[in-house]
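Below are structures written as structure tokens.
You will see chain A twice below: alongside chain B first, and alongside chain C after that.
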Partner chain A sequence: MLFVQLLANGLQTGALYALIAAGFSLIFGMTRIFHAAHGATFTIAGFIFYELFAILHWALPIAAIASAAAAGLFGVLLDRFVYAIIQRHEGSFFTVFVASFGAAIVVQNLISIFFGKGMVTVTTPLSKSIEVMPSLFIAPISGIIILCAIVAFLILQWLLTRTNLGIALRALGENPNLIEVYGLTPRRLSQYVFLIGSILVVPAAILTSATSGLNPSMGNHVMLISIAATIVGGVGSLRGAAVAGMLLGLAENLCLAVIDPQWSEAVTFVILFLFILFRPGGVYGRAIVS
Partner chain B sequence: MKKILTGIALASAVWALPSSAADISIGAAFPLSGPNAEYGQVFSSGADLAVQHINADKKLSGKLTMVYEDSQALPAQGVIAANKLVNVSKTPFVLSAFTGVSKAIAPVGLRTKTVMVNGGGVGPDLANLGEYFWNTIPLVDFEVRIIAPYLVKEKGFKKVALVYVDDPFGQSILKELEVELKKAGGELVGSFSIPTTAQQFSGVAARVRDIKPDAVYVATYGNQQVQLVKQLRDNGISQPIASYSAVVLPSMLNLPEAKGLIYTSQQVDWNKGDAMTKRVREDYNAKFNKDPSMYVLNYYNAVMTFADLAAALEKAGKPVTGENLLAQRKATKTFEFVGGTVSFEENGTVKSPIQINEMVGDGTSKTITAAK
Partner chain C sequence: MLAYLQNIAVLFCINAMLALTLNFIMGYAGIFSLAHAIFFGVGAYATAYIAMYFTDSLLICMSASILISALLSMALALPALRVRGEYFVAASLGLQVIGVTIFSEWKSVTGGLGGMIGIPRPKLFGYVFNDDGMFLLLAFVMLLIVIGIIALLVRGSFGRSLMAIRDSESAAQSYGKHVNAVKTISVAVSAGLAGVAGSLYAFYISFINVESFMLETSILLMAMVIIGGTGTLFGPVVGAALLMSLPAALTYLPFLPPSELGTIQQIIYGLAMVLLMMFRPGGLVGGRSREKSA
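And now, the complex of A and B:
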């Protein structure tokens, strides 16, 4: 029964990781900007939701929409007033990365100032596990997480394959110079990517506030997962990010059946290492040549 | 232009002069950022209150100030912070916290003859870091020696599982708990180490549930311990959870899932009735609207110990150096701490009785077993 329990836990963790990684994968895949502040977007969304829902007792949908608005605004503003300016003057990948990393640190400190440095959680009965079978405990929120991940990926898939905006965004990822021939502006499209990518992280942030809680420095862990899932799944492939997030979550939990919890995080990196070594393009992506 | 530059140079020189020849600074290498930053906030509130009281009472001939450096609760960052405090800020007395950080910076103190005082880390190894390293907090081996017989003999929890952080502190808890449970007639039925960066514990909860312990002892710190307790409870661990003094963080005290958590801490007698205890309680309450935690008191006491020693040195006409502070501490038999009179053992660690408490779940805790 331990194996089944770990499998159930793995599905929940995997769905959460997939949701976390999707936004980063989208942004990196379409714009080639290493958005190190993606973890900061997650933290902003989580804390805004916590403040509005748990402290000010706003209705859940309004708090969630406000949280999404804050995350989207942060992403768009960062792209418009930091990345765009750097790219206009120099455009070096490394300079943009450092700026993004700096923005993440600033956000972490601002959140510490406004919300304190401790852990905050949204208390809900949905996070309490129920014994569905002898020795098998599942929390209702697990189902919500998996459902959210499925819905988010379906919407995203529809957006990218069935709408003009989605096709333009995919073209941006393929060849940003060529799309100008068709009268499209890469910078404007880049802002759409940041808006969608930042909003994508909101469900994961809200659900994390109830499952494991929020703290100002949690963005680092979010980034770690995002990078690993993006590389394992294949840069630019949302399907890949979803599969990789699920794979990492399952591996992290199922390995506990045979090894000590101390090594469970190392499993993530072993998988990452193996992919870099034997399949650098990831599950669905292709190898990037600079 | 020349005149302007000369003026600027003169102004900078005047600015750089100390406001009084006897002004003195002491340092603190606390976690001010990262997942353990909440501790830094708590620790510094105690140290700052002591500085405020010392300056208000004019205990020293000059003004006392605190210089903070961010250790991030990481040994490597801690060494950078300690070196800066000792070599740049020239502080003869540095406050430290966390077992790993304290062990890393102790050689800096020993080499430069700077007193390092820990009021937050509880790894038993901290008692043996040389004569320049002091502890104003009783170490965790004392806490485990009290809680193990309580769990086994008084509560009848013979099978205990341990979830501990994989660092020097966690390793020492594992060793102590194994020995002390056996002595009390119980057994450590399972031990699960977790990395310092781990945030997901549903799998750990499944492993703990699988071995069916009577109680679970958690030994980690900071935000991780709050996440761990919440996720253990959320994932079906209904057995009593026990821990040590580091759980007394506002975020843990306010966590509904932490209700009923049993933990050890050093004793503080709020009814001692002396002026210092009363003043600290009143002033802290006025500022933060709650009673000070043990950590606040430990760092308050640490800074007060410095002031007592420095005042004695000033009276004797000796300079306030690490070497003289150590000699003066050895010559002083007892110290008045908040809530009790204590003495330092030969190894520089205070002796203090340990009590057992229980979290109420509303931001407070209650004492369930008097200090031993």
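And now, the complex of A and C:
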């Protein structure tokens, strides 16, 4: 029974990780920007939702939309006023990464000034575990998380394969120089990528506020998970990010059957490390040699 | 007041050493490691363990720290040989997280989250460094030695091989440079010298726990290197001095609430990182022309 319980927990964590990683994977795959501030987008979305929904008692949809707007705005502004300027003088990936990291540090500390360094949680009856079978506890919110992940990936899949914008975005990921020949501007497309990628993290942020709670410094963990899932899945492959997110979530929980819980986070990064050493292209990626 | 300044000076020496050694692989070899705090930590724990259970001899503790750090740095050298760019940054982030977990959970050696308390001051040729002034002298001498070693390596043929590899690995290889050997040695030297800083830190503070070796430390060190100037010899020293004096300077501003000082300091250095990358990616010491290599 322990195994089934861990499997259920793993599915929930995995779906959440897949949702978290989707936005980062999209941004990194399409624009090659190592968007370390993705974790900051997550915290912004989570805390705005918490403030509006739990403190000011706005209706759920309005609070969710406001939090999505804030996340999207943050991503687009960062791209427009920081990354674009750095890329203008051909900054290397590390220059962009450091700037992004700096922005994440600023956001984390601003949030901790407004909300304190402690944990905040949105209380809802949905996150209370129910005994489905003898000694198997599942919260209804796990189902919602998995559903959200499936819906988000279906929408994204549709957007990327069936709309003109999506096709242009995929072309951006393939060859940014070539698409200029077709009359598209990579910079404008990059703005759309950041808008979509940043909004993608919102469901995960809202759901996390109800399950494990939010604190200002959790952006780092979100960033690490996104990077791990993106690379394990294969850069540029959304399907890969989803599979890898699920894989990491399951591994983190299933390993609890044999080792102590404090080591479970390390399992994720051992997997990442092994992938980088032996299969840097990831599950679905092309082989990458140095 | 003198004790306060001495304290800052010793910590500055330690941080400058770390920034210098990080810059050695970051600026000259193009290995952007976010796991430098781990080797700092390995050096500190190795010294703490030996000093508490075996001997407080400076030479033995410090050599052990150097050796163990350099050996463990092979875990970083391995991905450095296989992947570049974003992939290596991700690998080093992974290593950082794994290292922190080991520091905080391998209780029999590292003391777990509580850390190790009561590390004795070191002994050199029968003299015990109990006086903080003398310890500052020791730290300063070690800093000079580290600067000397790095300057020698960078200015010599080894440094030129490193920079050649940084700028184009295949070109360096075609000129007969042993790319893998040079990279591995540079990582080992960097980690070994970071072990020296860790050793001094453990001796000086006499209490260590995992808090000092987290991702935040690695980022702070990276910020020192970048704000000072990557790929310059004295940039990291300037960066360390700037970031170390920031908290001290902030305490003199009367309008800031003391409880938020740490937070405000973090915001300032986050902003500094963003703005420098936008307008002066070569750092304060480096010129604008270096931006491509940064």
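In this section, the second predicted complex is superposed on the first by the 285 of 290 C-alpha atoms of A that agree within 3 Å, B and C clash if a C-alpha of one lies under 4 Å from a C-alpha of the other, contacts with A are read in each partner's own complex, and residues count from 1 in each chain.
We take it that contacts are C-beta pairs under 8 Å (C-beta built on N, C-alpha and C of every residue); 3 or more make two chains touch, one makes a residue touch a chain.
Since we're looking at a predicted model, the values are computed, not measured.
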item: Clash or fit, chain B versus chain C on superposed chain A; value: clash
item: Partner chain(s) touched by A:92 [first = chain B, second = chain C, both, neither]; value: second
item: First (chain B), second (chain C), both or neither touched by A:262; value: both
item: Which superposed partner A:58 touches (first chain B, second chain C, both, neither); value: neither
item: Touched partner set for A:101, first chain B, second chain C, both or neither; value: second
item: Partner chain(s) touched by A:13 [first = chain B, second = chain C, both, neither]; value: first
item: Partner chain(s) touched by A:284 [first = chain B, second = chain C, both, neither]; value: neither
item: Which of chain B and chain C A:253 touches, first, second, both or neither; value: first
item: Touched partner set for A:109, first chain B, second chain C, both or neither; value: both
item: Colliding stretch - chain B into chain C, listed as 81-89, 225-233, 297-305 or 333-341; value: 81-89
item: Common interface positions of chain A, toward chain B and toward chain C; value: 108-109, 112, 260, 262, 265
item: In the complex with chain C, residue positions of chain A that touch it; value: 28, 34, 82, 85-86, 89-99, 101-106, 108-110, 112-113, 220, 224, 227-228, 231, 235, 260, 262-263, 265-266, 268-270, 272-273, 276-277, 280, 288, 290
item: Touching residues (chain side chain C, partner chain A) in the complex; value: 32, 78-79, 82-91, 93-95, 97-98, 101-102, 104-105, 169, 215, 219, 222-223, 226, 260, 263-264, 266-267, 269-274, 277-278, 281, 291-294
item: Residues of chain B that touch chain A when the two form their complex; value: 33-35, 37-38, 40-41, 166, 192-195, 197-204, 206-207, 209-210, 223, 226-227, 230-231, 233-236, 249-251, 255-256
item: Interface residues, chain A side, partner chain B - complex; value: 2, 5-6, 9-10, 12-13, 108-109, 112, 116-121, 123, 127-129, 131, 135, 137, 139, 211-213, 215-218, 221, 252-253, 256, 260-262, 264-265
